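Both complexes shown next keep chain A, but they swap its partner, so chain B is in the first and chain C is in the second.
Entry: the complex of A and B
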């Protein structure tokens, strides 16, 4: 069931079950002996706390946590942000298995305990298991009562890096099709599990060692609201934000993510952000100019949205042909799909499932096999550079354009 | 294979928090026994350091509280007594949620959190009266409602946010960081919508059935172990069946209508956890099977999903769940708040509880403070950028007062937080510095 209804599941559609034991499975054995404590030399980085537990005895659940923690060795810091620090790590008994350990910081400005982005990320990553969604391998608390998320290690950067490196990274329609396929499956899976991601953009699409694209950063995710319940409109990084959110809609669905997917699609083709407004007003103006002005005709009800304002000069919605010049690299079918993802009226926008059923996937060129996809490579140094950047991505919100969105979230009324 | 089944098996609710009644009972016995042992140890070490001269290190692995020092161990709560108090406090939680006018989902999530937490923690260890407020607070967040702690605290007369926040991480850890709870409420709505399309069911009857079923979901499903044993859709069907058996069975027969051809192989690789057997919300099965992949459904596949023997199996499961729910019908709310009952059954247990509480764990604020002190202390020069504003004096104060620590165990080094009795020893943590 895991992959998508249309693309034949690869054999790893069901991941090996997570190494998360049931709370009691190991309780009896967890007490002193089972730790395989034989390894006398812990790398210094693993400062697994001399004196941990010395001042206080451990209850079974605490012992389990210690065991979980001890399965991993925390290595060098990859990045530091206001929300989290990210460390390279590896599995203790198998140093070749690398992981990323994201240590959520206690946020100074958030006085109400565990921060919303941490809660969301924990909640959704724990449940969503799919080849195109970053895996949460484990969770443990460190002694200072901080949350540590152990994530699969994705060493090849993100889509944004590939898109931007115009000089060294070349890719074609088959590659775009492969990446889009993986992205669409991830989004389909989220929506099929009633989860909205609400921050899809190229630098949240990380690349695994085998080329697989993985959707990451669920810090803004939420479950579909029951009909009638309001949600915040203040989500999704501006360039990827759909018109309904820019107009302040408080009721919305999976279509918001689909718009973002469309923007990523366009960006993959032209290798620059398609609609890069500096303000919300500018963003709306760009949408009107490049896609068409939302009106009662093409989107019944739009004028009722509380922040509906559009430039006075009404631009008719552009047809497919208008896109061919700039986006024709993916062929007429690809353009057809793109146009459907950026339908102004969210009700008319294609769904993730319909996207997967689109004929573009079946027309030539075939999607590139993931191991043949272009990657940002070129030796060890490159890899090191990628690693350093990885952090900025994993603990996303800090130093990129997503930051503002996240910070502005109106938690009081965000339901 | 019904996609919902496979999907449900991926949830943390199924993977980590579903147990058979036998398993659950054994776990609770375990928890109770472990708590007794630990509390006995801790109480024994309370008097003073002087008491523990006899080889504190080795006593670690041979917990023998009865043997050595203690004369006056309190009488502990038994596992069944804990269970009874558990129900009492679950109702307290629901009442607190009502008082704060929280939506059903939040109250239900809080109740599930609360009961999960106390599967592996004894109520002798952590204070249920406070943890239930913590559970409500964290349930708000888990359900996407991020309200200010100050606002939240006011509703319960808690002026100090720390009183609530101190338990948040503890709760989260006790939940093993699985904070998504699947509820039967939406399933009920879906079932009723499905039923309303049937010509032979009167509208008034359906309205009444939904109303009653919802009451049962809001109370009975939370006051019992239903969430541990059954899937949301099973719980929903059981509640509906209690409300109006005819309506529930109509839905089930409607769904499992496929008449199998002579041969059937019904070895549903059945795992023994009951939660697997019933398909999630039969109503959605029919819809989802429109998926392209179902095109290769043979008759046998069909009978595996909507055949009559599956129907019988589902009916059996629903019946069992029904029995469970019927132990705490909504009318029992009065029972749990009835003064005479409280006085006769609950008050004595609470009295007992005050005498056998865990001295190290009961005060959540203090516990958290000590933990933070420890972390800060040993984290010196670490790369974690933790707040570092705590002074040595305050450490001393904490360890001096809060934790009666035999000073001689402070041998590991300056960074050692001091040694308590217990198995911290020999444990992995003595790694070289």
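Entry: the complex of A and C
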């Protein structure tokens, strides 16, 4: 396990004022290389024949990009989003090693450089190497200056699919503990490396072939801000957004991610989004109702926040007992951890490190081993997968094993 | 394998080569005459042919008794100098003694080379092993004398060297056999039950039909035309019910059978697997520790430039964490110390030394800029 010793310095390199010249650079934009400006585009000749013959005409950076690009083979499209297309691919010299290639679309409003979310993703994934964080294997640019991120391929869907599939997927306290452990480790790793994820939710938690949960989508990530530097409050998907962001706080810390972790925790237990507001006002109302109304008593200074508006009816903050009925499945210690993660005042909220030091991890039941965790159930998807027949996925291999064994002549049963 | 002849040719080759499997290995009952004493079946109705797996020469039981009752003796066949014992004789299972011999050899080889797939690292290894065993068997069955001796030696050597393994595999195999036998028996029993049920159903239905027909006739005789249709409907309904209940029963039964079968085979699998190594206590941190090694973080570390923000309500209420800031500032101050480009070459995403150098320089540059900021 490679733990990156390097952490991106906190420069807002992707601010529009600073032109990002070319995605040819393999380094993140945080690292200005010697020829950071004005990397020339492909000469037309080189583009038409990017093979070995043209290699002589490429400058070293372009050559580096070309080499990197040639390491991977792009396959069929797995999905299309507004901001990127995802393709299945594999390593050229080893077709069984699958990768996902995320091709960032050129966006209208960022014609001159790269979209900030692409830069964020690139910048932080490049630095963070942890078993519970999706790993960025490589970056290259393709013909029309499109940025391609080569990510590890995680075939088993995301945590949201498992939570929603109530009929076919069953899981218990040990499984929740294992998933939460992996999620909390990922968040702790980010925070200890001074990165805020700012979009933690079940469908950003992807599942690897071995059952390991991996935090993905760093499109909203940023590093901790210096004091006095304002950050946007308009981050994190609404259901998972903490009250300080809903109230428009511009100076916040790792506590925002912890609230999201708490929401995911609650969702894992009740198998439905815990606080699912349709608007921000409704979200605040839900928080006030289910957790308690933020007041000067429980959160000094909260009324001074820019967008502080709460329903007139003041609900006192619920105690641990109130949660036991609905979330009792994880035991008293689990509920204790949950209550600490959803503390209204971010200063009183537990940190990722404190979460991992909580006694819940050491009490029974033990977290399930990752190989034994529930997986996306079979059914149609399975059949579809069989028809498509991808190799390198464990399931198929074990099923077809019998056909590959040489037949053994056995006359022992003859008599 | 070029060595392997087609099956027909192979038997012929087996018959023509070697001393034990000489041309005398003919089918027994072609002429029903003992090749030793020339007695024919006409004279002795109970004549029984016996063979000895030493040389597979067949002779009638009378001859065996006559020749070998007084102890070991030479095979009476001309040119065969094997010493046979009374105890070794048995009746052949196959008419073709070449087949009998091959089966005996295969059984013997299989008893020694009884590895199963789970014993091998990869499928390829297992297939190679099967190939090796088959080659050896072929040598024993129809190789030349030299080949056979070599194969025999290999077999014996292997047997001597791997006695414990063989015994263990034999036991495991026995258990698996036992299980599959039990499963088969359970399936057969289930099938019998189903057949029996079906028969009973059919019988009942027939009776029911006859009864309702009688009723119908009765009602017709009494001149109530409407009732007949009703009876028909009732009967149809009943039939539907019977079919439905039958289906449910069958489903339940097959479920039970499936569960039973599933449990058996799963247990078989699990027994073969090694018990997973007992995991140590759960480490929530996954074995990582980010405690800085070059400096110590004390609570309340501060900086004159930060003081004014520490009292700023916007920072306090929003949850801005000044300890996190201090940790980051310290980390950045010490970042790069103790990092040597030579050591870093191999880590990261395939960075070359040059790139690492550029990167470090870049970090340094950015760091400078930040201080100016």
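Keep this in mind: the second predicted complex is superposed on the first by the 318 of 415 C-alpha atoms of A that agree within 3 Å, B and C clash if a C-alpha of one lies under 4 Å from a C-alpha of the other, contacts with A are read in each partner's own complex, and residues count from 1 in each chain.
In this text, contacts are C-beta pairs under 8 Å (C-beta built on N, C-alpha and C of every residue); 3 or more make two chains touch, one makes a residue touch a chain.
All of these numbers come straight from a predicted model, not from anything done at the bench.
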* To do: Pick one for A:184: touches chain B only (first), chain C only (second), both, or neither.
  => second
* **Touching partner for A:103 - first (chain B), second (chain C), both, neither** => first
* Asked: Now for A:126: first (chain B), second (chain C), both, or neither, which partner does it touch?
  -> both
* To do: Return first, second, both or neither, reflecting whether A:325 touches chain B, chain C, both chains, or no partner chain.
  => neither
* Classify the contacts of A:366 with the two partner chains as first (chain B alone), second (chain C alone), both, or neither. => second
* Asked: Where on chain A do the contacts from chain B and from chain C line up?
  -> 1-2, 5-6, 27, 31-32, 126, 193, 223, 226, 357, 411-412, 414-415
* Structure fact -> Counting only contacts in the complex, chain A reaches chain B at residues 1-2, 5-6, 17-18, 20, 22-24, 27-28, 31-32, 35, 37, 40-42, 46-62, 64-66, 70, 77, 80, 85, 103, 105-106, 111-114, 116, 119-120, 122-124, 126-127, 129, 139, 141-147, 193, 222-223, 226, 357, 411-412, 414-415
* **In the complex, chain A residues that touch chain C** => 1-7, 9-11, 26-27, 30-34, 126, 130-132, 136-138, 181, 184-185, 188-189, 191-194, 223-228, 244, 249-256, 299-302, 304-305, 345-347, 349, 356-358, 361-362, 366-367, 369, 401, 404-406, 408-412, 414-415
* Structure fact -> Within their complex, chain B touches chain A through residues 1, 3, 6-7, 10-12, 15-16, 27, 30-31, 34-35, 38, 41-42, 60-61, 119-121, 125, 137-138, 141-142, 144-149, 161, 164-165, 168-169, 172-174, 176-180, 186, 291-293, 360-361, 368, 370-372, 374-376, 378-379, 382-387, 399, 403, 405, 409, 412-413, 415-433
* Please name which positions on chain C make contact with chain A in the complex. => 93, 102-103, 106-107, 110-111, 117, 123, 126-127, 130-131, 134, 137, 276, 279, 281-282, 284-288, 290, 305-306, 309-310, 312-322, 324-325, 327-328, 331-332, 335, 339, 347-350, 355, 358-359, 362-363, 365-367, 369-370
